[in-house]
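Below is one structure, written out as structure tokens; the observations come after it.
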Amino acid sequence: MKIHEYQAKQLLASYGAPIPLGDVADTPAEVLKVWNRIGKGRVAVKAQIHAGGRGKGGGIKLAETEDEVLSSAKKIIGMNLVTHQTGPEGIKVRKVLVEEALEVKSEFYAGITLDRSSRSPVLMVSKFGGMEIEEVAAREPDSIVKMKIHPLSGLFQFQARELGYRLGLIGKPLQSAVRIFTAISKLFVEKDASLIEINPLFHLKDDRIVAGDAKIGFDDSALYKHEDIEALRDEFEEEPAEREARKANLSYVKLDGNIGCMVNGAGLAMATLDILKHFGGTPANFLDIGGGAKRERVKDALKIILTDKNVKAIFINIFGGIVRCDEVAHGVISAKKELGISVPITIRLTGTNEKEGRSMLESEGFATGVSLDEAAQKAVRSAA
Amino acid sequence: MSILVNSETRLLVQGITGSEGTYHSKRMLEYGTKIVAGVTPNKGGTNYLGIPVYNTVSEAVTETSANVSIIYVPAPFAADAILESAYAGIPLVVCITEGIPALEMMRVHASMPEGVRLIGPNCPGVITPSTKTKVGIMPGHIHLPGRVGVISRSGTLTYEIVKALTDAKLGQSTAIGIGGDPLPGTNFIDCLELFRNDDETDAVAIIGEIGGSDEEKAAEYVAKGYSKPVIGFIAGQSAPPGKRMGHAGAIISGGKGTAEEKKNAFRAAGIKVADLPSEVVPLLKESLR
Amino acid sequence: MKIHEYQAKQLLASYGAPIPLGDVADTPAEVLKVWNRIGKGRVAVKAQIHAGGRGKGGGIKLAETEDEVLSSAKKIIGMNLVTHQTGPEGIKVRKVLVEEALEVKSEFYAGITLDRSSRSPVLMVSKFGGMEIEEVAAREPDSIVKMKIHPLSGLFQFQARELGYRLGLIGKPLQSAVRIFTAISKLFVEKDASLIEINPLFHLKDDRIVAGDAKIGFDDSALYKHEDIEALRDEFEEEPAEREARKANLSYVKLDGNIGCMVNGAGLAMATLDILKHFGGTPANFLDIGGGAKRERVKDALKIILTDKNVKAIFINIFGGIVRCDEVAHGVISAKKELGISVPITIRLTGTNEKEGRSMLESEGFATGVSLDEAAQKAVRSAA
Amino acid sequence: MSILVNSETRLLVQGITGSEGTYHSKRMLEYGTKIVAGVTPNKGGTNYLGIPVYNTVSEAVTETSANVSIIYVPAPFAADAILESAYAGIPLVVCITEGIPALEMMRVHASMPEGVRLIGPNCPGVITPSTKTKVGIMPGHIHLPGRVGVISRSGTLTYEIVKALTDAKLGQSTAIGIGGDPLPGTNFIDCLELFRNDDETDAVAIIGEIGGSDEEKAAEYVAKGYSKPVIGFIAGQSAPPGKRMGHAGAIISGGKGTAEEKKNAFRAAGIKVADLPSEVVPLLKESLR
């Protein structure tokens, strides 16, 4: 789960990391109030959406006078912000962060992710902030300093200092950097984050070190332990179908094709999309109905698939193990009736009770296939 | 001898009285697995499915000499369950549970005593058809004793390959699901090493997926010289970056961990790559000729 | 540093461990107020001193009526409580803990110390509570169950459960025990304790598990990190000389002989006491003036030694390394004058600047010795 | 070859610009120790006592190939300093600092990378007189090249024994103060093992004290057969239980760790026990005859 910049900054501040003076607002009037409260100086008005690239899309504006602040707020709040991460449809801006504009000396990068090989979080910093870390990795690979965080002891102070020195800091700014690195390492572990990025991390002209932007992602599996984080969820940022799937505890990812897919098992589901593509089809989604799925769950899944108006055909691929094929067949047959599904459905069933399932389906006129390849080709043809 | 589980396996089931534990214990017993103990806190001293139940793994091990444990405990308690088996001296722990937070698994790994092998979490388990030993949730009937080792990050996709091997009368020596977790206890290389030294395995099928770099590392390992033919398949060719494809581990992040990269790594290491699951068996047959 | 039972129980409670209803009081009137507040039932009035064995010494009384409560309070507050741990002089009771008397089914023991060999805390429990653990170890060794606590991960839940089952608990009381074990393990590490003992740990007739008594010791070296713990110090419990020594940052332990000792280095100080004993003397104290001691520190040390009225002679043993012998000689000479020391002083100086130091001392008429044995014998004779 | 430190020692001083660090760096230089680097945060790039100073140990190691570090950092920062050297790849770390909380040392030990030896904390250090290598705070001039290995939990008491060895012209191969901490990095057995394999050591003197069971374990180790004579001394015969005698580690708790127990363990293992420090040399001479 991702959160907004203003939420991420508040979290950072609660861990002792310095952030710019500012506050969130959702109307131009509120924006003005914040501007008054934080000293009527030069501010940045920043659209709060999860996607990156807000600046280029016109979602961040500097303002100095009351008029400027108001007009920026009016422009940004309610706009449909399109960036390279939103897709062409863009995202509607509902909130802005109003923040003091700072005198910046230089911009760094600081980030933490879980490194799979070392089975530990890794803190990365670079002198080249303000661009994406992949870009830095491509252009200035030597500038990236990586530090493994001990999985049980956390970041050691000497490591935090070393990272600071590697950014060229010394004295008071070094101490600030140490505080920030310590804070994000602690936050990462305590709140089960999957990613923290402070990019840019500002080194100000007055030698303070402050988080310019902040991006935090959390491990979905751990949210049940963190009500405070779950409360930061912004449902407007979710695909409606993905939101429904999450609530139904189904694993769904929207794609841009036209064949709706329902598979049991994540690996088989990915492979199924690959096979459809191989035979010239374009999958509309990834959907894993999981182990032991019952008929009700099949119906929920089909309902979610059909929320996508691009879906021209449905392909169901079930390898019965814990899931029984006849149970799935039952679910599909009744869902088709209840939901009034009009797009063609192709089903491939194998494994536990496959004969029973297949004969049920065939007697209802469904297209079935024994081999996966064969069934996938049928599905591709049905969407053409 | 096959690998990991065999006729010597004395299985302990953690969470045996739960619904998952009950269902799969029955299936494992049916298949022929020797289950010697169950563990459920506060149910110690009872009998369940004809198996003695204990409050703690430590007591169960003392009483029954269990040497493999399988975990069907809900996610919030599974990390502790893994450590309980590990500290009780069980050398092989198979964790079926899905949804253990990644940082919890990190702490489990860092707290594990030496010499304990964990398979999973979020995995279908391990099966050795020749000795009728199933430690997991895979459908037993699709397996056939044979001489192909199977290693996979997936569940049902493994069954797909296993069934194809069975239909082709090739069968499996041992099939291992290492699981879809970002920090699995056992990885491809560990399994490749075990299969390398296994007399009953002639070839190995690796079923990978997007995310992480386990496949690339396996490729490096094979490139250094591997005595048996290896066939690879990677799921997730059509996955978009940044989206988790079901498994916590199946995510392309920072442009890394794509199917294409993994396939290329396989090819460079001399691993034949199947583009479709249905191509695995033909490629294997070709290699074994 | 040790703390009182009531303080230990409050700490335990703050970590989620159940304790009996009760409160501390320092006058009989306050005792009555507490009694009223907690329900006017049967209570225990417990003398708050650091030493063990309070019950046998008459420091714990049960009371049920207002009269009984008042008379118990009057008897205990202000009494000079003598137990096997206080020495014959006893300790004056200044505070009592008034606590609900509980219906006890059985008494367990639970304790944590740092195990040097495994370099980890060890949690120990036994079914035989209410007596000292050494006694249990001698009488019922098999009843003691020890559990190593992971030095970085802490106590695992399965370990806490196992300890509970080993005490014969199951169900609700098991859960309480798990909560208590988890609490004390956390407290031990977070507050840098050196010892925690809950003895007895009550299993009540209503199946609750509650701390009957509580004893916590803290690592003196870590107190600088824990202001909250330092604030629990009761200076009345310290030997006045030990208190002065602590404030002067000197390492001093009062013993019961008559030769006051001042040595640099803990090992040499211990060996010096042993040598005095070997030659028939009885040391009055252990005192390590530490490395790099200057003349002022020598004076402070002598002052502390002399607070002990049993001291009939002083023995100073210095191995000059960082400490310069002439500096020590200087300190001794001026201290003797300033403090008007009348007891005989024997000094053995060796190492850095020993010649300078010795000649200074000899010209002032001090008894010196080159060999430690020779000097020690001289000191023993001087105290006879 | 003596043990631990010798002419190959390239010393790094952590906290070199502090008052302790300054004083002892000067003394070590005087004695002949090769100090190649100092580390003090924010003083990197300067020179101090003719030695280059760095901000981090890692940088210092890269620049100077330091292979031993000594720590004169105040207690609140010393645990971190130990780990800094250890993670920078320095194989031998000597920590002089006294007063590091016991549980902090516990965490240090549990976080240490493999293959790093820590001596101390709260120890006088290590000295090899034959190569004029002093890594510590002991007065150098009382030492003499010789063939007796000295291992001690104490500081000045060690000097007492060392001086007696020097006065008797026996001298020392290497003298190690393992320190008065309850959780020392290096214990008696570690040192006995090193001296066992050292051609330049003919006999070993062990100076123990009350508290813990390191002496008892050393006795067990020697009892299994030790090729060189060992003489023991235990300080703290007259210490009362429950009172900390200066060193954090010198405390008799729960009736365990008394001098008598330790002496008995020594005797049972064939270690000759001196009742007074002055008896160590005569016993050694007797054994070496």
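Each chain gets a letter, A, B, C and D, in the order it is written, and its residues are counted from 1.
Methods note: contacts are C-beta pairs under 8 Å (C-beta built on N, C-alpha and C of every residue); 3 or more make two chains touch, one makes a residue touch a chain.
Keep in mind it's a predicted model, so treat the numbers as computed, not measured.
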item	value
Most distant chain from chain B, judged by the mean position of its C-alpha atoms	C
Chain pair with more C-beta contacts, C-D versus B-C	C-D
Whole-Å gap separating chain A and chain D, where each centre is the average of the chain's CA atoms	54
Where chain C and chain D are represented by their mean Cα positions, the distance between them in whole Å	29
Chain A: positions in contact with at least two other chains	152-153
For chain B, residues that touch 2 or more chains besides their own	107, 110-111
Chain contact topology (line, ring, star, complete or other)	other
Chain pairs in mutual contact under the definition given at the outset	A-B, A-C, A-D, B-C, C-D
Chain C-facing residues of chain B, complex	41-42, 44, 55-59, 77, 80-81, 83-84, 87, 107, 110-111
Chain D-facing residues of chain C, complex	113-114, 116-117, 119-121, 133-134, 137, 151-152, 189, 192, 194, 219-222, 224-225, 251, 253, 255, 263-271, 273-278, 283, 286, 288, 291, 319-322, 350-352, 371-373
Residue ranges of chain A touching chain C (in the complex, touch as defined)	152-153
For the chain A and chain D complex, residues of the former touching the latter	150, 152-153, 156-159, 161-162, 165, 170-171, 174
Residues of chain B defined as touching chain A within the complex	23, 75-76, 99-104, 106-107, 109-111, 137-139, 142, 152-160, 163, 180, 182-183, 207, 209-210, 212-214, 217, 233, 235-240, 243-250, 253-255, 259, 275-278
